[in-house]
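The same chain A turns up in both complexes below, where it pairs with chain B and then with chain C.
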Partner chain A sequence: MSDTPKGSRKTGQDFESTLSSSDTKVAAFERKHRGVMDTIQHVLHLNPTLVPVMVLVASVLIFSLPMVTEGKFLTMFNLSLVMQQVSIIGILAAAQSLIILTAGIDLSVGALMIFSAVVMGLTGVNLGMPSFVALILGFVVAIGGGLVNGLFVTRVKLPPFIVTLGTWYIFLSILRLLTGSQSIRSQDLDAEAPFLKIFGSFISLGSARITFGVILMILVFAVLWYMLNKTAWGRHVYAIGDDKEAAELAGIKTDRMLLTVYMMAGLVVGIAAWASIGRVGSISPNAFAEANLQSITAVVIGGISLFGGRGSILGPLFGALIVGVFESGLRLAGLDVQWQVFAIGWLIILAVAIDQWIRKVSA
Partner chain B sequence: MTQAPILKARGLVKRYGRVTALDNADFDLYPGEILAVIGDNGAGKSSLIKALSGAVQVDEGSIELEGKPITFSSPLGARNAGIETVYQTLALSPALSIVDNMFVGREIRKPGFMGKYLKMLDKKAMEEFAREKLSELGLMTIQNINQAVETLSGGQRQGVSVARAAAFGSKVIILDEPTAALGVKESRKVLELIQDVRSRGIPIVLISHNMPHVFEVADRIHVHRLGRRLCVVNPDDYTMSDAVAFMTGAKEPPAEAMSAA
Partner chain C sequence: MPRLSGAGPPADCTHFWEETNVTNTFTKAALLGMTAAGLVGMAGGAQAASHSISACLITKTDTNPFFVKMKEGAEAKAEELGIELNSYAGKIDGDVETQIAAVESCIAAGAKGILITPSDGPSLTPIITQAREAGALVIALDTPFEPADVADATFATDNFKAGELIGEWAAASLENPEEAKIAMLDLNASEVSVDYLRNNGFLQGFGIDIKDPTDIGDEDDPRIVGNDVTNGNEEGGRTAMENLMQVDSSINVVYTINEPAAAGAYEALRSFGMEDQALIVSVDGGCPGVQNVKEGVIGATSMQFPLLMASLGVEAIAKFAEDGTKPENSEGLDFTNTGVELVTDNPVDGIPSITSDEALEKCWG
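Up next, the complex of A and B:
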C-alpha cells in the first residue's frame, strides 16, 4: 500500500469501495446438523442447573420404585422430612453460593453459623436478654464475621480460601471460649427464649410436616434468586466472578461490591443460625462440624462453577436436596449410607467435569 | 491552536517495578478533535490512556479535565466525569450477555415501585437500547442480544465494547486499538462511528497501529516513544513513512513538531 501523499486525504481505501453495496441483511445461519454433543453443550451452557434437576428427578423416581423402598420413600411424611433435614445446609449453601459466584470460597460459614447461634443463645438464655435483642446480636456477629472475611479479601488482598480457613479456626475458638464448650439446653431455651426456636414449629398438611425452617429456606432462595437475576447488584456479582479486572475497568467498584457480598453471605449465615436452633432444639458448640464441606458440596453439585461467575442460585437448593434424597432413599432401601457418600463423591467430580466442558462453548 | 485543551496531562510517570511505562509523558486533547496516538509496542500508549481513564494511578504528574485538576481513583470516577474508554482488553465479562455488558454499572431500572424499592431492572428498555446501538455500528450479525459475550467472535466483542463507549461517552472517548480484530467492513463502521461521534462535538483519542486509518481520520497525531510524547504532527504535513520513522526512532522529528508537543 502506498503512502497518502502530502496534503491530500482519501476517504477510505480503494479496496473498500464495494462496501456500499454490501449485504445488510442480518446473518441467518441454517442450523442444520449440529451434533448431539454440541447441542447438549449449548443447552447446558444456557442452563447449568439442568444437570442437578435431572439427577434429583431421577433419584426421586428410583427411590420411589416399590421394589427399592417398598413405598416408604414416596410419602408426604418422608419427603417433608428430607426437606427438614436439608434446610440448614440448604441455607448455608445459599450463603456459600454468593461467595463462590464471586470466584471465592468460604470455609468459615459453618463455624460462623454456630458462633452466631451461640451468641443468640448466650444472650437470650444465660443473660436473659429479650429474644429480639439476642437475635440482633446474633446477626451482628454473623454479618460482622462476613465483613471481617470481606475486609481481609479486599483490603489485605488475601485469597478467600486462606482468609476463611483462618477465620474458621478463629470463630470456632471464640465460640468455644464463650460457651466453655457447653451446650445450651432445649429446656432452658423453652423457658427463657422460646422465640429462638420458632423455625422448628411446623404446619401439618396430611402426614407432611412443613416446618417454618423449610419455608424460610425456600424464601431465602427466592429472594436471592431475585437479587441475583433482577437487580444490578446481582449482575455485578456475576461480573466480578467472571473477570474481576474487566468488571473494574467497566466501572464497577469491585472491592466495595465484594464487601457487600461477604456481608450479605454473613446475613444469610445468621438466618441459618436462627433456623438451626429451631431445627436442633438446643445449641451445641460442636454441632454441624461438617457444614462447611456440605455447603460447598451442595453448591458444586448444584452446577455453580467453583471458578466463579456461572450457575444459578437455585442449583444449590437442588444440590442439597440430592444429598438428602440419597441419604433417605438408601437408608429406606436398607443399604449402607456409605453408598450415599460414595455417590456424592462421584457427583462432585461429574459436576466439575461438566462445568469445564461448558466453559469451552464457543460461537 | 487557540482553544484550551479539554484533557491535558503533564509529566506523567508510571513505574511497574523496574519497568518505566510512562516517563514524563505529556498529553493534550483539544475540543472536537480526533487525536491519534501511535507508537511501537510497549511504547506506553495503553499506560497513558489508562492513566487518563483512572485504570492506573500515576506515580507523578497532573491531569486536567476542562482546566480543572482531576485524580481518578478508579475507572468509575473517569466514567462519571464523561470519559469513556475501550480498553485493549475490551473489559467485557464473558459469561454475561451483550446487554448486561453494555449496561454494567449504569443499568436502567423499572419505573415506579418495582424499580424504586425492589430495584428491578428494566431488561426490555436495556435490550432495545443495546440493539439500536449495535445496529448503528452495523453489528447486525449478532443474532441474539441476550447471547453470552463469550459466544461472540473477537471482532463482534470489539464491536460491543466500542458501541458501549460510543453510547455513553459524553466528554471524551478513548479507543485503544478498536479495530485490531475487526474485518474490513466492521473497521469501516468503526471509523464512520468515530467521525460521527466527532460531529456530535465529542473529541476522540484513537490508538492504532493501522497507519491508513490514522491518516484518514486523525486531526493530529501524537507520536509516543519510550514512555513519553515525542512529537505531535499534522497528518496533512507528513507522510505515513515519516510518522513511522519518528515512531521507531529512524528519523528525528523537526523542531516545530517537538515544540508543538
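Up next, the complex of A and C:
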C-alpha cells in the first residue's frame, strides 16, 4: 500500500525534515504541450460520437446550400422524412451495435427482422389471430433467433460471423417458404390487424411529421444508452468486447452474458420488425435485402469499433442519420443513384480510418 | 462429418465432449440434431428418370409465385404429354452458379430440352452452347438471352408492349396529358432489360421521346419529374415515391416496375394524403396486384402469363423430340410473344382491356 505521506505524521527523524520543502502535489502525468492535431485526437478519443455528429452537421449544412438542392433539402418536412426513412435501419443498427460491442458481428439481423414481421403478418392477417398474439409470436421468433445465434456462439464456440452467415440463409429460406415470396398487403393489414401498423402513425409539429416509429427509434437508443452506461450488464458488455479473457478472469460469466446480449439484440430486432410494418405499410418478404450490411454501415460510421469494446451506442443513430442525409441530399441535388452508393462507400472507409487514428492516442 | 455421426470424439474439439454439465450437453445435442435433420431434409430431393423423353425446367428461384406458376404449367403439360420433367431453381435471383450446375446435370442426364429463365444471360451462354451442341433444345422463358439467339427460342412477355399499354392508358385517362408530372419508379441501378423495356415502353406509350431505347433516364421531357429505384418491393417503392415527391409534390402519374413497388408508392402518397392525386400504373398480373387494381390502389396493370410460357415450352420440346422442328418467333420480334393484357376497371376507348374481376381468374400467385 503506498499512501502518500502528506507531512501530517511527525516521526522526529532529522532526515525527514527536508520533506516540508518538497513538492506536495499529488502524483500526476506530465502535461506535455500538445499540437493542434494532438489536441483534436485527444478530444475525439474522449468523445467517440463527436466525429459522426460533426459529419452529420456538416452534411446537413452542405446539402442545405441553395446552389446544391435549391432549398428542397432544408425543410422541416424533408428532415422529418429522412428520420422516417432511417428509422428501421437505425433500430437494427442498435441491435447490431450490441453484438459488435462484444467483438462479434450479426449478418442475420435483417433476415430475422423480416422473418419476425412475416410471422406477425401471417398470424395476424392470414390466420386472423388477435394483434397482440401475433406480436407476441413475432417477438418469440425474434428473441428465439437471437437465442439460436447465441447458443451456437457460446456453446458450440463457432465464430459469430459464421453462425450468423448460416442463420441469415436459414431465416431467409424459412420466411420465403412461409410466404411463397408473396407480400401481405397493406389493405389486408388495415382490415385484419391495424394495430401492427401503429408505428406508421405520426404527430405533426409544424410541417414536420414525427412518426411513432421515429420516436420508438430514439427511445430504443435512449434505453440502450442507459443500460450500457449505467448498469452492470452494460459495463460487462464493454468488458467482454474489450478483452474477453480478462472479463472472464474478473469473474464475469462471459458465455451467459453473451447469450443475454444475443437475446437482447433479438428483442431489438423484434421491435424493428414491428416498426417496419408501420413504416412500409405492407409486409414484404423481399424488402430490406441489404439491411444487415446497412446496419453494419451505420454502426461503423457511428464510430463503434469493429474490434469490440469501444464506442458509444448513440454513434450508430448518427451513423444512420448521416447515411439518410447523404441519400436524400444527393438525390435532391439531382445526382444518379450510383453516387449515393459511391459516397457511402467512402464514408465507411473514412470512418474506420479516423477510428484507427484516434485509437493511437492511447498507445 | 464426424461430428454429426457421433462415432467418437473428434480430435479437434475434445473439450466439446469433456463437459459434464448435463444441460450443456443436452443443448449441444439439440443443436447438432437440428443441423443433422436439416441436412437429411436437403438430401431428399434427388430422383431418377425412366421416361423416354426427359426435359428440364430451370427457374431463377422456386419461391417467387411467378416461377411457382411457371412450374405448375410445365408440370401439367409434361404429365399430359408423357414427358419426364426435372425442375431446378437458383436459391435467389442472380444465383447463376446453381443454374449452371443445373444445366450441367441436364446435359449429363441426356435431356431432350431445357427450359430456363436465365438469372444472368452472359454467364450462362457458354454452358447453354454446350447443351445445344449435346443435342438439347434450349428455350429461354420470360427473360431473353442477349442476344436472344443464344437459345433456340424464347417464350416471353413483350415487356416493351406491356409498358406501352399502361403508358397509352395513362395518357388517355388524363384530362390534360400535356401537363402531366410523371414519377418513374424503376427496378435497380443495373438497368437490366426488363427494367428499360417496361420503362421506355411506358414513356413511348405516353407519347414521350425515349431517345436511346436501352437507356433509362436519358429523356429530357420536362413532364418527367425523375427516376428512382425500388428493388421491386414495397419498401423501395415507398421510399422512392417519398423522394420524388420531395422533388415535385404535384406528381400525378406514377409508373412502377411491378405491383409490389406500386403498393409502396401508394402508401407514400397515402401518408401524404395525396392518394387521389396520382394515377399509378404497373406491370405483372400477380393476384395481390390485380386485387389492388380492383380496390383502386393501382389504376392499370399489364398482365403477363408465366403458365403459358412454360406449357408452350414443354409442347415445343415434345415436337422437337418427335420430328426435330424448332419453334418460330412471333412476327417482327426475336422471341415468341406469350401475350400481355391490360387490366383496369376504368377502360378507355381504343385500348382493349379486361376488368379486375376477369383478371382475378387468370392471375398468378
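Convention: the second predicted complex is superposed on the first by the 333 of 363 C-alpha atoms of A that agree within 3 Å, B and C clash if a C-alpha of one lies under 4 Å from a C-alpha of the other, contacts with A are read in each partner's own complex, and residues count from 1 in each chain.
By our rule, a residue touches a chain if its C-beta (ideal position, glycine included) is under 8 Å from a C-beta of that chain, and two chains touch if they have at least 3 such contacts.
A quick note: this is a predicted structure, and the numbers were derived from the prediction, not measured.
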item: Partner chain in contact with A:231 - chain B first, chain C second, else both or neither; value: first
item: Partner chain(s) touched by A:45 [first = chain B, second = chain C, both, neither]; value: first
item: Touched partner set for A:242, first chain B, second chain C, both or neither; value: first
item: Which of chain B and chain C A:186 touches, first, second, both or neither; value: second
item: Which superposed partner A:200 touches (first chain B, second chain C, both, neither); value: second
item: Overlap of chain C and chain B interfaces on chain A (superposed complexes); value: none
item: Footprint of chain A on chain B - complex, ascending; value: 55, 74-76, 79, 85, 87, 89-96, 100-101, 104-107, 109, 118-121, 138, 140-141, 143, 148, 150-153, 156, 184-185, 188, 191, 212, 215-216, 235-241
item: Of chain A, residues touching chain C in the complex; value: 72, 78, 81, 84-85, 151-152, 155-157, 170, 173, 176-177, 180-183, 185-187, 200, 202, 276, 279-282, 284, 286-289, 328, 331-332, 334, 336-338, 341
item: Touch list for chain A against partner chain B, complex; value: 1, 3-7, 9-13, 15-16, 19, 22, 24-29, 45, 226, 230-233, 235-236, 238-239, 242-243, 245-253, 309-310, 361-363
item: Contact footprint of chain A on chain C as seen in their complex; value: 13, 16, 24, 27-28, 31, 38, 61, 63-65, 68, 91, 189, 217, 226, 228-229, 231-236, 238-239, 242-243, 246-247, 260, 263-264, 266-267, 270-271, 286, 288, 291-292, 295, 297, 365
